[in-house]
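We call the chains A, B, C and D, going by the order they appear; numbering starts again at 1 in every chain.
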Amino acid sequence: MAKVNQQDPLFEKYHIRTDLALESHQVIVEQEGPPELPGVKVHTEKEEGITLTRIQVESDLGAQMMGKAPGNYSTFEAPGLRMHNRDLQERIAEMVAKEIDWFFEEAGLGPEDTVLVVGLGNWNATPDALGPRAVENLMVTRHLLEMSPPELREGLRPVSAISPGVLGLTGIETGEIIMGVVDRIGAKAVICIDALASRSVDRLCSTIQISDTGIHPGAGVGNRRLAINKETLGIPVIAIGIPTVVHAVTIVSDAMDLIEQGRVSNGSEELPSRVQFSIDPEAIRGNQEQSVRPQVRSLDKRQIMSQVLEPYFGSMIVTPKEIDQLIEEVSDVIAGALNTSFHAGVSYDEVFKYLS
Amino acid sequence: MAKVNQQDPLFEKYHIRTDLALESHQVIVEQEGPPELPGVKVHTEKEEGITLTRIQVESDLGAQMMGKAPGNYSTFEAPGLRMHNRDLQERIAEMVAKEIDWFFEEAGLGPEDTVLVVGLGNWNATPDALGPRAVENLMVTRHLLEMSPPELREGLRPVSAISPGVLGLTGIETGEIIMGVVDRIGAKAVICIDALASRSVDRLCSTIQISDTGIHPGAGVGNRRLAINKETLGIPVIAIGIPTVVHAVTIVSDAMDLIEQGRVSNGSEELPSRVQFSIDPEAIRGNQEQSVRPQVRSLDKRQIMSQVLEPYFGSMIVTPKEIDQLIEEVSDVIAGALNTSFHAGVSYDEVFKYLS
Amino acid sequence: MAKVNQQDPLFEKYHIRTDLALESHQVIVEQEGPPELPGVKVHTEKEEGITLTRIQVESDLGAQMMGKAPGNYSTFEAPGLRMHNRDLQERIAEMVAKEIDWFFEEAGLGPEDTVLVVGLGNWNATPDALGPRAVENLMVTRHLLEMSPPELREGLRPVSAISPGVLGLTGIETGEIIMGVVDRIGAKAVICIDALASRSVDRLCSTIQISDTGIHPGAGVGNRRLAINKETLGIPVIAIGIPTVVHAVTIVSDAMDLIEQGRVSNGSEELPSRVQFSIDPEAIRGNQEQSVRPQVRSLDKRQIMSQVLEPYFGSMIVTPKEIDQLIEEVSDVIAGALNTSFHAGVSYDEVFKYLS
Amino acid sequence: MAKVNQQDPLFEKYHIRTDLALESHQVIVEQEGPPELPGVKVHTEKEEGITLTRIQVESDLGAQMMGKAPGNYSTFEAPGLRMHNRDLQERIAEMVAKEIDWFFEEAGLGPEDTVLVVGLGNWNATPDALGPRAVENLMVTRHLLEMSPPELREGLRPVSAISPGVLGLTGIETGEIIMGVVDRIGAKAVICIDALASRSVDRLCSTIQISDTGIHPGAGVGNRRLAINKETLGIPVIAIGIPTVVHAVTIVSDAMDLIEQGRVSNGSEELPSRVQFSIDPEAIRGNQEQSVRPQVRSLDKRQIMSQVLEPYFGSMIVTPKEIDQLIEEVSDVIAGALNTSFHAGVSYDEVFKYLS
């Protein structure tokens, strides 16, 4: 799973690891205080039980601050996804399908353009198996359409799908496998499905992010070194991700924040000095070489914790107890959304009749 | 998975959750400072890469302090088990086999006495699947011996095995299923295999505990309400457990300890006051009703954290990233140890020849 | 899987192995020619794509001829189940639910009487995994109801479920485990789900049999020696089975029948003598000791084939290529039918509200 | 799974489906009687419990007669592989490793040349899952070696591996995926592992074929349309296959042969006319259009059976009852053989030391 991406400014500065643009944005706003980031547009919509936030990162400065590439990020938050709620699962799948449609239009993708769906991650490790599981329930049609006469194919999208595995299983960078296949089959767009790491346990298996900026090295739960995006593949890459783990080190920072907040919410505003984590960074760092100049005390704290805890907790992940069932459910939501988006409003009856 | 057992004095007092007697003992010694607990004998043996600690809880007072029933607890610690080291796996399986032999002798179990091995836990949840996985690799022989003529059965142990599932899957308490089966087949002893929770991430999948005190309500990763022990079953119960998760709340406490220690190890002994978690319990608790009277400041801290964090992290577990592979490996170690212990020094050739 | 039950008159006489009463009945009518069997009532209903045949075996003579215990056998035939047809799956699940209701009434089972569902078979062998798979999707409620106040439980049925495994995995007769659990939990009826063997490949995964005669030694795909029925358990046993395999020896006989029929359907009625399997039993048997006196030439042929082929094909089974997917689908149909039957017309909302 | 390859002369003529060159050869010798085929060399070696037959198809005529491409075919027969015999499994893995070495030499492959191992087949269908299962246990090293300094890589072979899935799951021809990956990573040879169909049930999971002629359309258990061989990939392709299924139609023919042989072995040589399948092809075929001119009566019989049975049994396969366990075992044998062959005599200690 993900080694820390050393180029991630968010991690470098705040020692927070998250693959969600929504959380990156929140951290900057929380920590640095600006009501708005330059060149970053945020738009929020709500309906019963579901919040959809669209973040548009237009400037390089905004991208750099957030540690996310310029582009579009749409994020669905639906805490009810953790409650095994079938109705909500179906409602959100429909909304995700519509959002994918928007990304397809934005990418200039025609209704008959071939897409390759890629289920990233390790099928042997439950929290990383989101992509392969979603791909299992996908309706692939490329081979059927190839065998049909052209007049029947009208308006139908050839869909193909692979689960390339992870570097440790194959010895091959996932990106290399995808490039090879894209070249071969002449795909016009790639849809990547990937398990993500979030900062907050509340978001695990209850948040879905769609973006058009691809997958970056070190992102996702799996460990990747090669970017999977428009630059490397030459075609649009749409990434759909769901956070399934929080890194153990991250949870400790969050816990400390919660405890501090807990203090406040207990009505003891008048005694702030008595309740705090008064870690003195100088005392801990001693004569370590450190070029980073912490601006805020609380950030400093995170950095120190990260250094101290990494050797102990670095290979530990935090997941909900019922992760196996949740992965089943949310991978079904994604597969359902894609099946709807790919094949909506189209009757395959004629094609199938021809083929059988 | 385990709801907190409210009667566990260790949790009530120190807010530490562990199923390992070894860790309970350490906590008491650390927190309360006595070099020895009354009526608790501890004996340690070491060989390359493996530490075996035998704890004998003889007095009710010691049992009460540790929150563990009186009896014998043998614990193997072998950090190398996390390194996928085959040789170590085989060496430790042999040592575990010998230790099981000792527990059998202690329980007065004869070489031809039928045993029932029970794989506790939920096969659908990776960290809880230890028991069912171990049982899959067990050599069961009861049915073969029943079909053989008596003269061939001499010295052979009839072994049977079940994985009863968990309450949420069956609607039946695990203990009820075991009682029903034990009655039917006339088993002379039960061996339970179970995934445990530990306090420390270092012990995950690297520690094996064998005990003769059975399984207690709320213990193990799974949630059980009925004890599985000599009192309820009427026959000796030997429990073999491996910690596979740490509760998320527990990890935060441990992290804070590490950070405080980190400070010290950075040579800043002279500045203790500047580096600490100076939580003031009064400030946090405010007007909450609290009858517990904390004795030591550090305990207080744990208790408060536990209260604040439980609603957020209560359903979260911490596991190694590669838990799927580790579960495979350690369940093989247990199955190997049991196969060796059950069938050691005996040739099944004649039996099999007769049967085929 | 099933060793031949030597007491099965159908096998002894016609060397046909089937767990379906419907097929037994057909064989007798075909081979012995009576329009009706004494004490056996047959009633057929049809609706689009589904045929339901109810066979009532009332006399011991009829039972003996068919090699099936006296009682009720309802069989759904729906060739479309092999076509992955969702609508049909749902329609048939509803019909099966209603038929189960009828069996419950017949058994005098009240709406609040506890039932134990038993998923028979080996979860590691795909064609034998029907029972365990169906149980995975069952809504178990016994533990929830036990925790609710009596006034909320009114009209609700406590459902529990186990998958006891097979003799080779546990060393314990499946029947023994069931008896033990039934005693413990005070179940009022047992529902067994089991993979069956049929005579015809057409019936694989497209036929569902419900009966109230229990499971008999040697029946089912798995090899059982102990009957699971009202006599052994003391409570009604309703068995739901779906054929998933044909024994390889059986398929050869059927193939020969097909070839002979093929001849006829090719319009060569006038040349019967030139197209036939003219096996001379005397020539084959030579000086073997054989007490069976074949009445009909075609039976003789089957018997000889069975003797010659058993050593070669005895451990071979015939299944559809896509058996893994079919097992998933039909186990869902059974689980759906049971969930409907058990919990129909009842709102669990209040119970769940109380519990959460 | 495999649709019939219409160009297969063996099927066209004798209606026998087999992917084993050994069986093709036998059929020709049996049916057409020549002691030797032109341009086909056969060499047999035996050791305890294992027979190794090397067939060299040198001429196009021989290739055409056998329906197999010109090249080398080495086949291990070890009936004991069906008996779960560990010792035999290890002995045969070593022999297979040596044979693979020979194929590597023959292909001019250097010790540091990158190989890509391809696990063909459908992981969701047990008898077709041989390839993906074997790949799971393979030691892949390409990514490790790429990260090591050149001086440590000396003499080490970079091994990579993929399981590309099947057309129905991906919408992409397996051959296309392999070509794409081979191009990307610059592999010097491809090793394909595939489940095969054999003619005889005795060979299921007890026979291993290694060949250098690649995988041909319609071969293997899965249905492929694109050849995977030196012509299409531009690099040597070595295929390792194990028969896991017999087509249901094929088993019927074999059964009839067995019955006829059974007659003879019963000592009734003097009564041949009374015991035979005297199918008259004219009588069956009637006015069907048939251009094939059968030469021998027994062939005719097969052809007719094939025509009559195909609609009924065409989608049915025959496997051993314990196929799940057997697939586990034989895929371990192949993975073990490849690990030995790839990494024999080389210490990875230094590499691993460097990397960790």
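General remarks:
Just so we're on the same page, a contact is a pair of C-beta atoms (placed from the backbone, for glycine too) under 8 Å apart; a residue touches a chain by one contact, two chains touch by 3 or more.
Computed from a predicted model, the values in this text were never measured in an experiment.
In terms of the stated touch criterion, subunit C and subunit D have no partners in common.
When you average the Cα atoms of each chain and compare centres, the chain farthest from subunit A turns out to be C. Centre-to-centre spacing of subunit B and subunit D amounts to 47 Å, using the average Cα coordinate of each chain. Subunit B and subunit C, compared by their mean Cα positions, are separated by 42 Å. Centre-to-centre, using mean CA coordinates, subunit A is 36 Å away from subunit B. Multi-chain contact residues of subunit B, defined as those touching 2 or more other chains: 124.
Those residues of subunit B lying in contact with subunit C across their complex are 124, 136, 140-144, 158-165, 167-173, 176-177, 179-185.
For subunit A in complex with subunit B, the residues that touch the partner chain are 1, 124-126, 201-202, 246, 248, 251-252, 255-256, 258-259, 262-263, 266-268, 271, 274-280, 283-286, 288, 304-305, 307-309, 312-313, 315-325.
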